[in-house]
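So the structure is just underneath, and the comments pick up after that.
Labels run A, B, C, D and E following the written order; every chain starts at residue 1.
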Amino acid sequence: MSRATQTALIQDDRTVYEAAAGTAVGLSGVTFAVGLAALLGLVAIDAPVAGLELSVVFGALLLALGTSVAGFGAASRFGYVDAAPQPSAGIVAAAAFTGIWFIVGAIVSGAVGLGTGGRLGVGIVLGGIAFATTALPREDIGSTVPAGAVAGLCGLSLITGVVGPGWKQVLVGYNATLFGDTVVPLVVLFASLVSGWSAAKAYGGFGARGRNVGAYVLIYLVVCSILAVLIGLVAFVTVKGLPGLFNGFGVGGATLVSWPFLTNGAGLLADIAGVFPALVGTVWLVIGAVLFAVPTGVGAAVFLSEYAEQGRFTGAVEVATNGLWSTPSIVFGLFGAAFLIPRFGNQKSLIAGMLTLGFMLLPLVLITSREAILSVPDDYRDASAALGVSKWQTIRSVVLPAAIPGVTTGVILGVGRIAGETAPILLTMGGGVLPAKSAAPNVLGSFQLSGSPPFVSNPALLEATSALPYQLYALITAGLSGNIQNPQEYAWGLALTLLLVVLIFYAIGITTRYYFRRKLHQ
Amino acid sequence: SDSDSGGTGSDSGGDEGSNSIESGSSGPSTVTAEGSSTVYPISNRGSSYWNSNSPASDGEYWGSNDESSVAGWDQIETDQNIADYFASLYGFETTGERSNPPFATRVALSHSGTGCEAVRDGLVDIGNSSGPITAELDISEEQRDENYVDHVVGRDGQPVFVSQAIYDAGVEQLTGEQIRGIYQGDITNWSEVGGPDREIFVVGRAEGSGTDTSFRLNMLGDADAPMDVDSRFGQNQQVQQVLQDNDNAIGYMALAFSGSGIQAIGIEFEGTLFEPDADAENTIFDSEYPLNRDLHMYTRINEDTPEGTDMREAAFLNMFLTEFGQQTFVEDVNYITLPTSDIEAEREKLPDQA
Amino acid sequence: MSQTDTAETTANRTDGQEVSTTAGETVEETRSEWTDYEAGGETKLAVEDLDVHYGDDHALKGVSIDIPEESVTALIGPSGCGKSTFLRCLNRMNDRIRAANVDGMVELDGEDIYQDGVDLVELRKRVGMVFQSPNPFPKSIRENVSYGPRKHGDIQTGLLARLTGRAEPDREEALVERSLERAALWGEVNNRLDDNALGLSGGQQQRLCIARCLAVDPEVILMDEPASALDPIATSKIEDLIEDLAQDYTVVVVTHSMQQAARVSDQTAVFLTGGELVEYDDTEKIFENPESQRVEDYISGKFG
Amino acid sequence: MSLTPQTDWRASIERRLTRTQKFIDDTDPEALAVVLVSMGSLLAAFVGFLLASPWTAVPLGTFLIATGYGWARHQALVARAVTFAMTTVTLVTLGLIVVFIFAESIPAFQYETASVFGVSVPGLGMFTQARWDAVSEPVRYSLLPMIHGTVMVTTIATLVAAPLGVAAALFIAEIAPPRVRELVKPGIEVLAGIPSIVYGFIGFTVINPWAGGAFALNGGSTYLFVGIVVGLMALPTVVSVAEDALTSVPSVMKDGSLALGATDWQSMTSITLPAAFSGVSAAVLLGVGRAIGETMAATVMLAGVPRISEPLVNVFYGYETLTSLIARGYGSANGVHESALFAAGVVLFVTVLCLSLGSQYIEARMRRRLGGVE
Amino acid sequence: MSQTDTAETTANRTDGQEVSTTAGETVEETRSEWTDYEAGGETKLAVEDLDVHYGDDHALKGVSIDIPEESVTALIGPSGCGKSTFLRCLNRMNDRIRAANVDGMVELDGEDIYQDGVDLVELRKRVGMVFQSPNPFPKSIRENVSYGPRKHGDIQTGLLARLTGRAEPDREEALVERSLERAALWGEVNNRLDDNALGLSGGQQQRLCIARCLAVDPEVILMDEPASALDPIATSKIEDLIEDLAQDYTVVVVTHSMQQAARVSDQTAVFLTGGELVEYDDTEKIFENPESQRVEDYISGKFG
C-alpha cells in the first residue's frame, strides 16, 4: 500500500488569514448580540451611533462582513492561503442558500411591485443561481460568495434606508404590518448568523475543520440566545415582582421578620395585600398530592421492578404510565371535574384539586422511582440473598435505602411541576380571586367525626380554595378590584412568588441529584 | 386599618374568621355567593365589611372618617360592630369581636350564568347575576317566581367604551344602529362611523356572562342574537385592560370598570343621545337608557326556605338595602344606587326582622 | 453423613455418568479418566449429573463431583466454561436468573437442595457466598457484618427492641468483632466500625464481605474469584484467609489464576469450554501430572 | 389447528391454578386471610367511591385496619399485595380517565351527528363544518376552529423547540466544556419548571400589547407569539430528553470516529445523531405533546373566539385552541356545550396518547437495536 | 527521520530520565537497567518523560520509550498499570477524558504532538487506533470501511457528487476491497458489503475495525487489547494480521496475555502497577531473561 505523503501536524502559513476570519466571526457575534438587543427593544434602531443611525451602522457592518467573507473565499480559491476546501460546499449548504435566495428574490421583487408570478419567477431564478454558486464551485467559493452576497444585500438595504426606521410594509390580508423597528433587527440577526457561519468556515480553512468551526459558531450563537432569552425571562419577572414581594417587608419588631406579602390575605382589612391564603392552598395541595402519589408510585415501582415478571402486565403498566405522563394537564382537569367533584360534595374543593394533582404526579413518581430502583446494583440483592435474607427484607433494608436519593429527586422535581399547574385546579379547585386571610384552609383543625356516614369529614378539604397559580390566572382574567393599592405590583409579586416556589423545588431537586451523584462516584 | 396584618391588631385567632366557619354544628354557617363579575364589586365589598365586623367607631369602615357623616347614619345609629348590628336585626347573637362576625360570608367570582346555575343546584346561598335569570338559565318568568327570589341591589349603566385614540380621533358618540352594525360584523372600519381609517377591534365579554347576555338582549334585541366579535374576555377587568392596550378597540363593560386610557362614548337611541357624563341631559345612568340593567342577587326557594330567603341571607342582603349600604357598596364602586322606593320594595321581599 | 452414604453417592454418580454417556463421546472419554477420585474427608456437597441451560445455551453438562468437608476445593478453567454457573448451583443463586434451568441433584449433607419445599433462606444461611467484586452494602461496617443475623432475628436491634429491652448490643458487638477477626480485618477497622463500608479499600471490602458471610455462620463458603479485583497484597491476604477458613468450613473457590489454585486448594476441578468437568483430583496431582492432555495444555498456557 | 391454542390456553390456566394452589398451601392461612380481607375491602372501597356511596369509609377503614394488622404480622406478603394494588392504580386511572371523559362527551357527539353516504356518524359534524356557536341559532359545536388553532400553535412551537432543542442538546452532550455543561444543563432543567401561567402572564401583559403595536395588529392575540411562548415552554423537555438520548450513545462509537481522524462535528452528524435518532425524535414528539397540551399561556393570550384565520396559515391571528376552549369555557358552560368541551378533551387526549405511544414505540425499537450492539 | 535525529532524541530521553531521577529512587533503579536499549529500525514515536494524572491519581510516571518504525511493539502489565493510558497518549485520545492531564513529550517523526496548534484530526489520521471491544458504526460494512476517507474528502459520495460527476464509486470500491483484504476479512464479507456491520461476529467486527483504520492509511496503528473479547480462532486470525501489518505499519499493541505478546511482538514494554515502565527490550529477551526481578516475577505468574 503506498504511503501517502506526510502532512504536517501544524499549519503555520495561515495566521493572518485566520486572524482576519476570526475577527469577522467576532464581529458577527457582536452584531448578532446587538441585533438581539434591538429586537427586544433594549436599544432603538434609530439611536445615534457615532453620528449615524444604528440601522445604518448595522448596514455598514453587514456590508463589511459580506465583502470580507467573499474575500476570504476568493483568497482561498486563488491560492493565497493554504486551506483544505472540499470540491463542493455540500448539499445541505446548497439547499439552504437556494431557499434563502429564493425568499430574497420573492421579497425584493414583491417590494418592487411584481405579482405572484413575477415573484415566483425571480425567486426561482435567484434560487437557481444560488444553488449553482453553492454547489458547483469549490467549497471555498461555494460557502462564502452566496453568504457574503446575502449579508451584503442586507447591509446595502439598511445603509440606503430601503429598510430602516420608519419603514413599513402592510401585509395585505394578513392583519399585520411590518415596521422597520422589528424588521431591521430580524434582518441583522439573520445576516449576521449567515456571515458568522461563513467566516467561521474560512477561519477553519474550509474542509472538515471549517465545517466543524462553522457549525460550532452557529450552535454557540443559538445556545447563547436561548439562554439569554430564558434568563432574561426570569430576571424580568424578578425585577417586576420584587417591589410587590417585599412591599412592607421589615426585620425586627414584634415578630422577628414581618413579610406582609406572604403573611397577609387580600381582604379589606389588610394594610398590605398578600397572598397568604393562596400560599397555604398551594402547600396543602402539594401535601395532598404527595401523600397520594408518592406511596402509590413508589409501591408500584417496587412491585414492577422487584416482584412482577416482565410480561404483558408490566408492559401495560409501563405504557399506561408513559401515557399518563404525557396526558395534557387540562385533560386531568376534566377528569377531576367529571370524576372527583361529584364524589366530593358536587363543588370545587381542595381535596378534588389534591387528588387531581396526585394523579398527575403519580406517573412521574413511578417512572423516577422505578429508574432509581432499577439502578440499584443487583450486587446488593445478590449479596443479601446469599446471606439468606428474604426478598421483602432485602427490599426494605437494602434496595429502598439505596434508591431513596433517586426517588427523592424525582419527587421534588415532580412536585415543582405540579405546584405550578393551573389548568387542573382551575377546573377542580377554584377559589377566590383575592381571598382574605380567613380563607386560608385550616385542614388540620377541621376534622370532624360523626355518627352517620361518611363518619369522618373535613369541611376545609371540601371547600373551594385558592392556590398561587390559580390566583394569578384569576387576577389576569378577573382583574384587580378590591382595595389593593397597586394591582400591577401585586400581580407581579404573586407571579414572582409562584416562580420562586417552583424554582426552589427544582433547585433543591437538582442539587440533591448532583449531591448524590457526586457521592456515588466517589 | 391594621387588623388583618398578622401580628398587629387583634389576635390572629380572631383574624382567621374560620372559627365561625368550622362551627357548622353549633353556629350559623357561612353565607356563600357566586357569580357575576359585575355584581362582584358590590357583594365582595359588602362581604369584606361584614367579615371585618368593625366597630361603629371605626369610621373608615362605616363609610366615613367621622361618625356623623356616615351615610344613612340617621337610620342606623348603633354602637355595635357592623356585622353584629345587621345580624342582630335578624336575631343572631353578636360577638362584639372585630373580624369575628356572627357568621361569615364568602363571595366567589365567575359569570352570571355560573352563579345562576350554582344557586339553582343549591351549591351556594346567593347567585349573583347581572343579567336576568330567565335569560341566563333559559326559564320562564313563572319558573323564576316559583323557584327564586330576585333581590336587586343596584343598577349598572353598561356603557360602551372605545380606545382613547379612537375617542381622540373624534368618535365620541355612536348610534345604536352603528354599534349593532359593529357587533354583527357589518361595520369593520372606524372610517365607516366617522373615525380614522383603522380596522375595528371588537371586544366582547365571555358567553354566559350577564354583561354579554344583557348586551345581546338590550342592544341586539335577543339574548341569543348572533354576534361577530374579534375577541372575548372572561371578566370586565380583562376587557378594560385590552381596551387600554389597543388603540382601535370597542367594548362594553360594567360601569365600575371605567378607567384611564379608555373612554365611554355617548349612544344615540331613536334620536336621544345618552351621554356618559352624569350632568348631561340624558345620561347612561338614567333608567331610560336601554342598556341600563338591574344587578341581581338570587336566592332559591326550597322546602327549608319556602320564602326563599333564610335569616342569614336576609341579614346579609338587608345590609345592601339601606342608605348606608347603597352609598358604601353601590355608589362608591361606581354603580347606580336604587331609588328609595325601590329599596323599600326590595326590603319587602326579606323576611321580617326580629 | 456416614461413609456408607458417601459410597452410595459415588455409586449414584457413576450411574449418572452412564446415563450421560449416551449424550456424547467426548463426555465419556474425558470423564472416565478420573471417575475414581475420591477426596479425603467426609463429603459435604455431592453433585450429581448437574445440567444447566441458559435458555437454549447448555452451560454445564452432566457434572458430578463430591466436595469434602473442611477443605478448599478450587474450580479452574477458561473464561465462560461454567465455573460461576456451577458455583451458583450450590446455593441455588441460579434461581435468581430467569433463563437458568437446572437439572440434576445437589446434596448438602445428604439432603437434595433441589427438591420441592426446600427453604432457600435456610439453605443460603448454611451455604454462604462471596462474590467476584466486593459488594458491601452502603451502610456502616458494623451494619454490614451484623446484617445477616439481624435479618434472621438472631440479633434484635431497633427502637422497639431497645425500648422493650430485647436489644443485645453486647452480643452484636461480640459477633461483629469475632467475624471481623476471623476475616483478618478487625485490626484494620476496629476504630471505625461506624464508617461507611464503601470507604474501605477493595481488599478490605472483600474481607468485609467474607466477614459478613461468616457472621451468619454458614457451613460452606462459596467464593467466586474473590481476589480478581484486588492488588497482589490484598490477594495474598485473602489467600491466607482461605487456607485458614478451611479449618472450620468447607470452602469452594473459583479462580482464574492457576497459581492461586495451586497455592490455596486441597483439590482442584478443571472445567473446560463447553461446560464439561474434565478432571477433578488432588491439586498437586492436577498441576504436576494431569491425566488429560487437554488439562495439561490448559495448565501449561497453551491456550486461554 | 384450532385445538392447539386452546389446549395451550387451558394448560396455561392449569399451570396457573396449580401454582396458585401451591401458593395457598405454602402460605400461612392467617396471612392469607388478612391479605384477602385487606384486598377485598380495598376493592369494596373503590366500588363504593365509584358509586359515590357515603358508606365508602367503612371498607376503607377495614382496609386500613386489616393492612395495619397484616403489616405487623405478615409484612412480606402484605407488602407484596399492597404494592400490587398500587401498581394497578395507573391502569385504573387511565381507564377511569377514558371512561369518564368519553362518557361526558357522548351528548356532544350525539348532537353533532352527521351522515355520510347515508350512515349517520355521531360526532362527525364536529370535524366537517366550521361553525362553533353555543349561543345563537343554529347552535353548532365544531371543533375545527380549535383544531386549526392547536395545529398552528403546535407547528410554530415545534419549529421553535425542535431545532433549538436539538442544537442545545448537542451543545450540552457533545460540545460544551465541562464547566459550562454543569451550569447550562441544570439551568435549562430549572427552566422546565417555570409555570405556564407565568409565561401566560408575561404573554398577556407584555407580549400581546407589544405585538399589537409592533405589527399594528387588530388586537394583540397571535398564534405566532403563543406558538413561540409555547415553544419556549416545550424547549426544556426536548433538550433534556434529546440530551439523554445523545449521551446514551456508547462513547466507544464516538471514540471510534474520532480515532479515524473525523472532526467532532462529523462524528456528531454521522455517528451520534443517527445512532440517537430514535431518542431525539422521541424527544421532539414529547415536545410536540407538551405543546399540544399546553393550556394556560394559550388561554390568556388568545382571543377566545372559535374562528378559523384567513388565510389559513395567517399567524397574525390568534383565536382559540382545544385547551384554551376548555379552560375558558368550563364552568360557565352547561348541557351539550359542556359536553362539547369534554369532546375537545377527548380529541386532545387521544392525540397526545397516540404521540406518546409513538414515541414509546420508537424508543423501544432503539433500545432493541442498541441492545443488538452490546 | 535521519539517524542523527534518533540519536538526538535518545540523548533527550536520557536527559529526561535524569530529571525524573530526582523524583524517586525506585524509578531510577528500575529504569537504569534497560535505558540503553535501542530498538532496531528508525524511531517512529519517541516518548519522553511522559506523566499522566487523572485528577490526583498519578497513572503514568515518567515514561520514556522509543518505538521503532514498521515493527510490533507490545505493552504488557497487570491490570490498571496504565497500558491503555499510555496508548491513548500516542494519538491524544486522552484529550477526550476530562480528568486526564498529560505532561511530557511525544514525538511523531520528530514533531511534538503535544505542542500548541497541533491539528488533532491530522494527527489521528496518521496514528490510527483499534479499541479493546469491537466498535463498528451502526452502518453498512462498506460505509464503515469508507467512513474515514469520506470524512476526509478523499472519496466523494452523496447526491451532489454524483450529480456533478465527482463521485468515484470505483475508487471507493477498490479502497474498500483493499482494506478488507488487508484485514483478512474480504473473503468473508465480499458478498454482503451492504449489510449492517452489527450483524458480524465479534471477531469479524474487530477485523472490520482494523480495516476501517487501514482505509485511512495511517502510519501508526495502536491496538488496545484487540483480541480480549474474542474466541481463540478469531484471536489467532487477529494475531496473524498484526504480524502481517508490521511490514508496512508501526504497530503498538496492548495485551493482557503474555503468550500473545510473545507470539506477535518484536519488542515488549512491561509496565507494572503504579504506572512505571519497568523494562523495555526485545521480546525474546524480556521473556527469556528479563533484567528486573519484578518483571521476571510478573512473567512467571507470581502475581496477577
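A few remarks follow.
FYI, contacts are C-beta pairs under 8 Å (C-beta built on N, C-alpha and C of every residue); 3 or more make two chains touch, one makes a residue touch a chain.
Chains and their UniProt names: A = Phosphate transport system permease protein PstA; C, E = Phosphate ABC transporter, ATPase subunit; D = Phosphate transport system permease protein.
What you see is a predicted model, and the numbers here were worked out from it, not measured in a lab.
The minimal number of chain-to-chain contact steps leading from chain B to chain C is 2. Shared contacts of chain C and chain E, meaning chains that touch the two of them, come down to A.
For chain C, the chain whose average C-alpha position is most distant is B. This structure's chain pair with the greatest number of C-beta contacts is A-D. In terms of their C-alpha centroids, the spacing between chain A and chain B amounts to 41 Å.
Measuring from the averaged C-alpha position of chain A to that of chain E gives a distance of 45 Å.
Between chain A and chain D, the centres computed from C-alpha atoms are 18 Å apart. Shared contact sites, meaning residues of chain A that touch two or more other chains, fall at 175, 208-209, 390, 393, 476-477. Counting partners per residue, chain D has 205, 218, 262-263, 266, 331 as the residues that reach two or more other chains.
Among all residues of chain B, those that touch two or more other chains are 199, 233-234, 241.
Chain A meets chain D in the complex at residues 41, 171, 173-179, 181-182, 208-209, 211-212, 215-216, 218-220, 222-223, 226-227, 229-231, 233-234, 236-237, 295-297, 299-300, 302-304, 307-308, 316-317, 319-335, 337-339, 342-343, 359, 362-363, 366, 390-393, 395-396, 413, 416-417, 419-423, 426-427, 452-456, 469, 472-473, 476-477, 491, 495, 498-499, 502-503, 505-507, 510, 514.
Put simply, chain A touches chain B in their complex at residues 175, 253-255, 258, 260, 263-265, 267-272, 346-347, 430-434, 436-440, 442, 445-446, 448, 459-460, 464, 474, 476-483. Residue ranges on chain D touching chain B, taken from their complex, read 133-137, 205, 208-209, 212, 218-221, 303-305, 328, 331-334. Residues of chain A touching chain E in their complex: 1, 3-4, 6-12, 84, 86-88, 90-91, 94, 135-136, 207-209. Within the complex formed with chain A, the residues of chain B that make contact are 1-8, 15-18, 21-22, 24-25, 37, 40-41, 44-45, 48-49, 51-52, 61, 99, 104, 106-109, 121, 123, 199, 233-238, 240-241, 256-257, 333.
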